[in-house]
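Order of writing sets the chain letters: A, B, C and D. Residues in each chain are counted from 1.
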Amino acid sequence: MSSTFGTLFRVTTFGESHCPGVGVVVDGCPPRMALTEGDIQPQLDRRRPGQSRLTTDRNEADRVQILSGVENGTTLGTPLALFVANRDVRPSDYKAMADIPRPSHADYTYQAKYGIRASSGGGRSSARETVGRVAAGAVAEKFLSERFGVSIVAWVEAVGSIRSEAVDIETVDRSRVDAAPVRCPDPAAAARMTERIQEIKEAGDSAGGVVACVCRNVPAGWGEPVFDKMEACLARAMMSIPATKGFEIGSGFAGTRMQGSAHNDPFVWKAGGLGTKTNYSGGVQGGISNGEPIVFRVAFKPVATIGLSQQTVDFKGKPVTFTAKGRHDPCVVPRAVPIVEAMAALVLADLALRQGARP
Amino acid sequence: MSSTFGTLFRVTTFGESHCPGVGVVVDGCPPRMALTEGDIQPQLDRRRPGQSRLTTDRNEADRVQILSGVENGTTLGTPLALFVANRDVRPSDYKAMADIPRPSHADYTYQAKYGIRASSGGGRSSARETVGRVAAGAVAEKFLSERFGVSIVAWVEAVGSIRSEAVDIETVDRSRVDAAPVRCPDPAAAARMTERIQEIKEAGDSAGGVVACVCRNVPAGWGEPVFDKMEACLARAMMSIPATKGFEIGSGFAGTRMQGSAHNDPFVWKAGGLGTKTNYSGGVQGGISNGEPIVFRVAFKPVATIGLSQQTVDFKGKPVTFTAKGRHDPCVVPRAVPIVEAMAALVLADLALRQGARP
Amino acid sequence: MSSTFGTLFRVTTFGESHCPGVGVVVDGCPPRMALTEGDIQPQLDRRRPGQSRLTTDRNEADRVQILSGVENGTTLGTPLALFVANRDVRPSDYKAMADIPRPSHADYTYQAKYGIRASSGGGRSSARETVGRVAAGAVAEKFLSERFGVSIVAWVEAVGSIRSEAVDIETVDRSRVDAAPVRCPDPAAAARMTERIQEIKEAGDSAGGVVACVCRNVPAGWGEPVFDKMEACLARAMMSIPATKGFEIGSGFAGTRMQGSAHNDPFVWKAGGLGTKTNYSGGVQGGISNGEPIVFRVAFKPVATIGLSQQTVDFKGKPVTFTAKGRHDPCVVPRAVPIVEAMAALVLADLALRQGARP
Amino acid sequence: MSSTFGTLFRVTTFGESHCPGVGVVVDGCPPRMALTEGDIQPQLDRRRPGQSRLTTDRNEADRVQILSGVENGTTLGTPLALFVANRDVRPSDYKAMADIPRPSHADYTYQAKYGIRASSGGGRSSARETVGRVAAGAVAEKFLSERFGVSIVAWVEAVGSIRSEAVDIETVDRSRVDAAPVRCPDPAAAARMTERIQEIKEAGDSAGGVVACVCRNVPAGWGEPVFDKMEACLARAMMSIPATKGFEIGSGFAGTRMQGSAHNDPFVWKAGGLGTKTNYSGGVQGGISNGEPIVFRVAFKPVATIGLSQQTVDFKGKPVTFTAKGRHDPCVVPRAVPIVEAMAALVLADLALRQGARP
């Protein structure tokens, strides 16, 4: 249950890592929007495995096919079904793991929940499930960009303890983000991050990191009090991405150490209306966008699959030394960048439609 | 829209800060459960204003009344309507603010969204809205406790930069939490926090803080992949509480700086089944509970209403010096403790029923 | 569960027949709409018991109170809580029935479902639950009328086998409907219906009937394919009213006996655009309104509570002769008229907002 | 929007009549259930066009493919994606209709709603959309049959004014239904219906009809008061099928002419518990199943596409004589039988899970 996200712009993903394919149905996409596979493929390419030596060796072209909802390159307002075949599947890698729940993976919890689990590749808990999100997110982003001029840019802010603080949220764009495969638009930090990931990969270990994201040109008024506040929707969206452990908006945890007199964002007059002098709020007040850039961060844990041996127990409790097979990323954050952007787009498109419904 | 939360255990709150009252409808509460106002009142008492010198002077007894769904002290399985009257309302305090959007409040964004806003007290953006959540949460908690032995305990982990690290998540309980009005169960930290809040109050300023929470005895298997992962639901729930800026589960942001070999939680055999040796995961894997304690933290910004004057502009952009009237807390985290517990209970009760539906 | 109806204009009802009161929360009501209790009370007055000698003797003034969501007579866009106290409650009437499930009532099924049931008055299955619907419907209707000029009029088309076929759907209005307490705007038929109900009442028996409804000035384009087609939403709404057994739109069951060449509604040019020459479709095509009047009918079974003795068995299967106590209507359709209107308004308001969300 | 149906057993259909294909995602299907394409294909075969001379000439093999959610012939509890390619597509048939909204079709209303519509074949309003429903319904039915012994059988009760009243709801099964291509299990009536359809087909006209359905062995207690009553859910489900104009349960419209003393269903003791002597209620009381067979009827209008010429106007209002091209059924009810069964199964599976969630 609950592979569906959104109220009016509504996506339903499907597919395991090792079944015929993965995909998504997008219900509620506005009609009369130009749309082809070419609008969706670029973000899938940024997400796909095998795109650089920093990522997993699994090699998937991840070509998307639009199965419905578009005619002559234009959306009909009916459900879009978007499909990507799974090709480079090697279930044999997983045979040895049948009896051993991988530490910090979902093998044990899926078994506890369903009484069954996919025999290989992580099934629905695999990051492969995010293919559908990224495809749908590309559609949402196109809508937001064309109708409202919204731009969404995410980047790697930290890999392990290497952190960039030199990114300008007013100007950062995807070309700068993609200048380095690690997707940090700060070249000096990017170089150190790349080096660090390679060291960790060689050591058979893995790293975590932080992805930051800014959404610009979001009009004031989006976000639905009480339970669907902008920040609540974003938090849910981000914390639904595999391997996430934290979310913060605006000043976040650091802001808890400030005093109100410093943290409050005074209003100032900007072109066309009210703005704020500072943006500790991160673009939201009371759960509603205020017109300032929406800025948030997402914490990703170090990848659970590592080359090093681990002491653990099998399903029956027998101690074993476990050494993972299967292909994996040493650090997931570079590929998480388009996933974070996609989830942000899905949240914003839905809240845009919901606010649009208010007469 | 969207004052409703939950799929099967479903709550809908209503009420502004200065209307006849606030409340909640709970649809999906299990039948045949003993329930009286006495089960709900204690958590409301922990939330209510005026309970200590650390909180706002607004004085509300906040007596709850069960309007429906219970007969002879037993739930019927039909909607519970729970109501709390607003009594100590002073709209005159807000007259001067009609033309000035308070910095870091929701005055401006509500106006942008709705083209109208409550003339006093913050309306729905007021923390008063959480009365309904706390009342509903008490019902959810009773269900969880009686059917599953789940216990939920939150506490103040930090006030500004004063942080307690001496709380034992295995044993902490509400009596220890409530030993000091600041609701930190670490007496040394509590003393410093209290002192700090008083200094800040006297200075006419405000403080932020962090609330931590543990949910014990949650069975393995709760949480719905993909978009309703346990951590996604908790994140949304917590980030829907007014004044929150961040959420983390388990190792959170700190975990991003660890390597996989250290961060992975190896399985061990515990009484009755598999457990994990460490709990960096925070009780969830792949969005599903694993039977270990669920541990998370919520960041609260410093209260936006402060006594100090602020330079800002009015709705038309004219610079003004703004000095707040109205009553407010210098630091909300002590009163946020039962709210965090309530939202955790609402999430868990819903996920419990949803897992219970799975044959 | 599922006392909630609607996606964007969303109502949640609560309350049993014999608890402190009944009511509704309306979430998603547009802001900046003039609204007072005076806008809601008239429809409640048309629904209330004791309004004529054709209805039950239970006497409830059913004065509605707006608990939230309105300030200075204007909606804030936040949830409206509307409450009506239960006053004329006589649980003693139901003592004798504790062990006997009343034939064609919900006593047995509620017990089977919940393992418990309200000890008197039918609880949630009582028509008293519809108070909240009628209150919410009055709000929806005001919105529809002011923004779109929509008018909704229902009337009694049949009582038992007495049927009126002389009602003009273009002109029928509530004053004509209410000219006779039986709420049939065809005076000749109304007289016969009234006489029939009185005969049946005197015989200790009950009658069923049919309520017809027309919604005029609904713009083309409302209704959401596939599962929320206009007719699907109306059908669900109507069949959720207690005692309903059938729904038909446009030509309904009679239309199944026509041939396509006669049943098709040819298009013609009307002022401002396309219309249809005939309206066998009942104002909808493919689930979407076409601008013609939406016309439907709802079947109500004869009231289950009758004065005559009935041979049945108790909960343990022991044969008993059952004679009902408690107050009841001999025929529910006159009071069902405002309920049908309310449910139609709730459907239309929701579909209006949903279509308004489509850019 | 709203191609999604169900709360816990939740389906989302996609696809137009003339795009690459049609399908459905089923979220919430129970895990550990044996499932292959062979379980789904038979109902699709009963629905597919070209199966007899009574149906449209469009020839689609409609082979279903399971894209996800099943491994080694067993469901994983994750979303099932089921896909059927469109093959026999002839968009050229529709060229001439670009400027003319077909009478009693959805061309005009889709255009009014979306500002665009599929250029051929009816798009989402085509009966082809029901492929996904039938596929999903077959899965739901397997679950209901295996876990609860529920059986669902629909049949053609009337074609035009030819009506069968000789069907025994206790024993009717699909083999008897399918004995004649017209799917009426009453051989005498079937013969007359077949003859009638052929006459009408030869005349270039079309017929309507009624499908009846019985659901046996549904346990007491399914159905969610208030708005998701069993009959409300069934009504919505049935009225969401293209070409439906009416729904009735139990005594339906005929029951409105009875008196309570005759219509009430007295309780009697049956093997294992309470049952009712008669079943005018149609297996539901107060929206909840009572253990008796659930019996309902669905009215289908005569097919809108006919061979005869029609006088109508084009989109600009210009009078035209319209003669349809494209392939169509002279009477849809034989093919509607598996669709009605599918929608019934989807309703019951969802209500079964929802009741199962109630502790």
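One rule holds in what follows: a contact is a pair of C-beta atoms (placed from the backbone, for glycine too) under 8 Å apart; a residue touches a chain by one contact, two chains touch by 3 or more.
This is a predicted model, so every value here is computed, not measured.
J.: Give the label of the chain whose average Cα location is farthest from that of subunit D.
T.: Comparing chain centres, B lies farthest from subunit D.
J.: What whole-number Å value describes the gap between the mean CA coordinates of subunit C and subunit D?
T.: One centre to the other, that is 26 Å.
J.: State, to the nearest whole Å, the distance from the C-alpha centre of subunit A to the C-alpha centre of subunit C.
T.: Once rounded, the distance between the two centres reads 46 Å.
J.: Can you check how far apart subunit A and subunit D are, centre to centre, with Cα atoms defining each centre and the answer in Å?
T.: 39
J.: On subunit B, where are the residues touching two or more other chains?
T.: Residues 1-4, 7-8, 13, 31, 77-78, 113-114, 124, 225, 354, 358 of subunit B touch two or more partner chains.
J.: Viewed as a graph of touching chains, is the assembly arranged as a line, ring, star, complete set, or other?
T.: complete
J.: Contact residues on subunit A for subunit B in the complex?
T.: 1-5, 7, 13, 101, 103-106, 108-110, 112-114, 124-125, 129, 158, 160-161, 200, 205-210, 220-229, 231-240, 242, 244-253, 255-261, 263-269, 273-274, 276, 280-282, 284-291, 299-306, 308, 310-313, 315, 317, 354-355, 358
J.: Quick one: in the complex, what on subunit C touches subunit B?
T.: Touch list, subunit C to subunit B: 1-4, 8, 10, 12-16, 19-23, 25, 27-28, 31-32, 65, 67-72, 74, 76-81, 83, 113-119, 123-124.
J.: Give every residue of subunit D touching subunit B within the complex, in rising order.
T.: For subunit D paired with subunit B, touching residues are 7-8, 30-31, 77-78, 147, 225, 353-354, 356-359.
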